[in-house]
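Listed next: structures, encoded as structure tokens.
Next come two complexes, and both contain chain A; in the first it sits with chain B, in the second with chain C.
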Partner chain A sequence: MDEAAIGEVIGSSSTELTAESRQLHIAPPFGSFIKVEQRHETIYAVVFNASTQSLDPNRLATAYHLPEEELRAEHPQIFELLKTQFEAVTIGYEHAGVLRHHLPPQPPRLHSFVYACHLTEIRRLTAYMGFLRALMRVDRVPRDELIAATLRNAATVYGEDERRFLVQAGKELVKLVGDDYEMLTSILQRVQS
Partner chain B sequence: MEYGRRQVGVIVNGSLIGGLEMKLDPYCSVEDVRAGTFVVIEGEKSRFFCMVTDVRLDSTNPQVLANPPDETADLMRQVLHGTTTYGTVCLRPLLMTAKEDDIPEQHNEPHVVKTIPAHFAVVREAEEDDVSQVFGSEAYSKRYFHIGRPLDMETPVCINLERFTERSNGIFGKTGTGKTFLTRLVLAGLIQKKQAVNLIFDMHSEYGWEVQKEAEQQQQGFVKGLKQLFGVSVASFTLDPDSARRREVQSDFTVKIPYSQITVEDIASLAEELNLHATAVESAYLIVNRYKGNWLSTLLNQDPAALKEFAEEVGAHPESISALYRKLSRLKTFKFLAERVAVDAVEKIMECINKDIHIVLEFGQQSGFLSYMLVANILTRRIHDLYVDKTERYQATKRPEDKPKHLVITIEEAHKFLNPVAARQTIFGTIAREMRKYYVSLLIIDQRPSSIDDEVLSQVGTRITALLNDEKDINAVLTGVSNASWLRSVLASLDTKQQALVMGHAVPMPIVIRTRDYDETFYAAVGYTPEGPGLKQKAAANITDLFGDC
Partner chain C sequence: MLDLAQVSQQIASMAAAQQLVSEDLRQRLKTAHAQLQLESSRLATFLAKLDRSRMSWLLAEIHEPLDCFYPLPVRPQAVTVVATDGSQITPSHHEVMPAFLLNISTIVLHYGTGERAVFSSTPTLFYREEDLYMDYGGERVQVVGDLLGMRRTLMEFQSLVQLATAAQDTGHSPCAMADGSLILWQLEGRPPDYQQTTLQAYLACLEQMHKRQIPVMGYISRSRSRDVLNTLRVGLCPEATPDSDRCPYERDSQPPCAAIVGLTDRTLFEGLLRPGERTQVFTSASRVLRHYEAHRIGFCYLHVGSEVVRLEMPIWVATNPGLLDLVHAVAYDQAQKGIGYPVALAEAHQHAVVRGAERDLFYNMVENVLRRRGVRTSLSPKQSRKRIMTV
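Right after this comes the complex of A and B.
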């Protein structure tokens, strides 16, 4: 794994991918933009879940009641048996220099490396509001939290245009949430704070 | 043709009869859309000219309205604006032109709307070109006269004076809304473009010479009258030479009317003003039987004590004759009435008309209703009779030189002449109903159109209406106009001054205008040259030429 990679794909499907973090406890932030670089194409996704658990599904972590430094000093092996993994929803892909805002024909290959997206890449991805629709498909985590987090992350790359971007995204959201005014309010409140 | 045209929305709903609805673009503020303004819908094959009739707020979700975002929720408000909450503008399409007939710089005549545009047709603000295409322009032809500008544009709106003079017309509005200015404008247009000869019964001496402007208007205190603007083309007649002298204005002729010209019909139409009972009027006929044309003169010359004998002589009831005598004695106080008159006023008027000279008849201090109605009735009745003869002669000979000159008679306080009762008795009712059969039409000025007979109102071709807020008056002005309900709100929302709704025969569609300013620019536009000493002498010389020494 090269220095810049933040994870390795360990599970993939047409719509989602699961990757193991390079470092324990350090997963890309909730709602951040990541990419999987493959030979002929790059697949883009947004992180919607991160979890840390034991490598062995039969052995669950238990409490030791010790602060972390002491735990590392006295029982270093515990940390060898844990892994952090994260899941992301695919929002688009780039092939031969053209960015497409829909699902790729093939899911990401296992053991490909995962990287964080650059600012320019985030800008390109969020220029078209279609990514919001992909986020709406996620049902395992609260959608309002996910969308708000994604928008907060995306807005930072826009600098002065931040407000304009948020308003545009908001208008797109209105179409997606339909009559669910509560959802819209919840998302926008989380974005503004 | 598409550059710089600002889009305001797209069509989302509507029908031919009910009007169209447009969803306002989120970039346009609802507050910028005003009733009475002009927009254009770019359909696939046609262009539609429309007026904004209503503006409404809509939302897709009642929850939003029940829990509106508060002041601090800025982002929410911006997000909702144009998506969940938006403005809907109601439009009334009034005219359409086929796009394939477009020729730049030329007049593409619009026609009546027979269909509507498709969904999502783009709506844009109307521009100057659009207005000239619809309303014509003074540049296209002499028959267009610039009367004002639309509410939100600087292009001139013109009325078609040819079509204006094809019917009788009316200028309406509450007191103080600028009817006099509107009338002066229209008359100036008729005079400048030589569309008709005008005879103006100027009750308050407002049209002939200078009149003091109301205080709120600009610095200069006086506005020019028609006589000053058009010089020799306008003759100033007066009923009250003393008043004219006091105001230091030159009048070309003093009108005097002999008793012998007053008929019983003239008195009958004044029955209400004179407070005359019907039987008293009937007795007048008995006097006529006996004394023919001299009936009035004979009656007024009677000794009050001898009335009883007089009554017996003609076979009328003494009380009726007394009443008649008493009421008609008021006429003796009028200085313009006399036993015998040297020059016949009507002849002089006809002389002027034949020379294409317009006449303003001032009433000076004789501006009471009674004298106004009496004089207007008498003169008009005789002129009308002469016109009927002329027309019949023309129809017989068919020679162009026999064709009577088209005459427009302007009367104020028209409801006095044209209320349902009077309309049947006065000559004005007759003229209104005849339309232009005998080459005479009316220009009626009034603030109470609801008092005017319905039938007469429906004959009024073009109506120029300033602010009216009495329901009855609004209904009256909209009589005979199809699909008038949407115009109601427009009428009630006019400014008190300098705004009017023009509709009818002379304009292709109803439009709200800001009236053209009656000022130096206007004077210059109608060809006025500033006064100098030479002008007065020229005027004096012309008068002598025309009338001899009066």
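Right after this comes the complex of A and C.
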């Protein structure tokens, strides 16, 4: 794995991917933009879940009641037997220089490397509000949290245009969840805080 | 199919019988402890009697009073524990090919430094003529059963030495742990050519450890050894020169030494040692050790909290206070960390073991590859039948 990669794909489907983090305990932030670089295309996704578990399903994590440095000094084997992984929902892909805001024809290949997206890539991905619809597809985590986190992350790359971006996003949200007043306010509150 | 209803009645009977045995054992233990105290108070006399006696039993060589116990030393902050284990997928004439697989795991645990632990497991496939057969008593025999087990033991031990020396080379203070005995008693009675080649390889490992002054121990849980207990039986014998071949009490229903039969060294010391304490280091009189020379094996019993274990070590570890203390401290610490059984040995085992499904996968893989290359393979009818049961 090269230095810049943050993970490796260990599971994928047409709509989602699962990757193992390069470093234990360090997964890309919730709601952040990541990409999988493959030979002919790059697939873009938003992180919606991260977890750390035992490598062996038959072995469970148990409390040691020790601070981390002491755990590393006295139980070094634990850290080799845990892994951190993250899941992301696909929002688009780029092929032959053209960015498409819909699902790629093929899922990401296993063992491809995962990277964090650059600021310019995030701008291009969020120029079209379609990614919000992709986030609505996720049902395993609270949607309001995911959408709000993604918007907070995206807004940071807009600098002076941040307000304009959020207003646009808000308008799109009204279209998407307008009939669910509570969801809408929840998202807006979380974005503003 | 197991008829559990039938078995449950038998289990109840067994439990009832065991209860009687426990009562009896308590009484025997009292007798054994009393004898131990007695012999400890008259060590010179005891040693002289042991020296005179002619027993067919294994008798521990005692150096100090039996009630001499040593407290737990402080474990050095920085120490590296290394362990190996192995497992095998053995050839069966029901399977496709006589090849066998030995899977050796290595574990390196650095303590006190925060360095990462290192695990590995290395499978080796043996399929060449010279690997599958060996010289044994002047004949060429197939490497199966005990012979295969011994080959695996050697590979594990050689791997252990490599691990330990590599750790030392990178500036660490290693302590090597082996699961089981360091005494190759299985070699006794085997053909000389086999004994010699095996011992040569094994002792070369011990020699390397000796040269590097790296302590190595054999950790035996639930030991059934009775070397020390047997000395107490000699003590109980009314004869001035006990001789097991000329025992005048043989025909008696209860010869004097039978009063403590049924106990083991472990049960003997369980009631005497406190957690963390160890006994003196006895020297083993096992016959095969006459070939070990400078690496004769000593042993002690250590209370690790959950049980009393037998620790074996070469005599050059036993007679070096620094190395002996390290072995003592590490063995106890490992058992604590592993909630009753050493972490290093448990991890080594986990990484070596090949589960049933993996075994089947291995043979499927062998079969597929051979078939693709046009090599004729055939599964025995018995094996095919076992795989596909129909109604």
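Please note the rule applied: the second predicted complex is superposed on the first by the 193 of 193 C-alpha atoms of A that agree within 3 Å, B and C clash if a C-alpha of one lies under 4 Å from a C-alpha of the other, contacts with A are read in each partner's own complex, and residues count from 1 in each chain.
The rule we apply is simple: contacts are C-beta pairs under 8 Å (C-beta built on N, C-alpha and C of every residue); 3 or more make two chains touch, one makes a residue touch a chain.
Remember, it's a predicted structure, so these values are computed and weren't measured experimentally.
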item: Touch count on chain A, higher of chain B and chain C; value: B
item: Contacts of A:2 with chain B and chain C, given as first, second, both or neither; value: neither
item: Contacts of A:160 with chain B and chain C, given as first, second, both or neither; value: neither
item: First, second, both or neither for A:139, with chain B first and chain C second; value: neither
item: Partner chain in contact with A:69 - chain B first, chain C second, else both or neither; value: second
item: Those residues of chain A which chain B touches in one complex and chain C touches in the other; value: none
item: Of all residues in chain A, those that touch chain C in their complex; value: 56, 69, 72-77, 79-80
item: Residues of chain B touching chain A in the complex; value: 60-61, 63-64, 67, 69, 73, 75-76, 78-80, 82-84
item: Touching residues on chain A, where the partner in the complex is chain B; value: 163, 166-167, 170-171, 173-175, 179, 181-182, 184-185, 188-189, 191-192
item: Contact set on chain C toward chain A in their complex; value: 107, 109-119, 337, 343, 347, 350
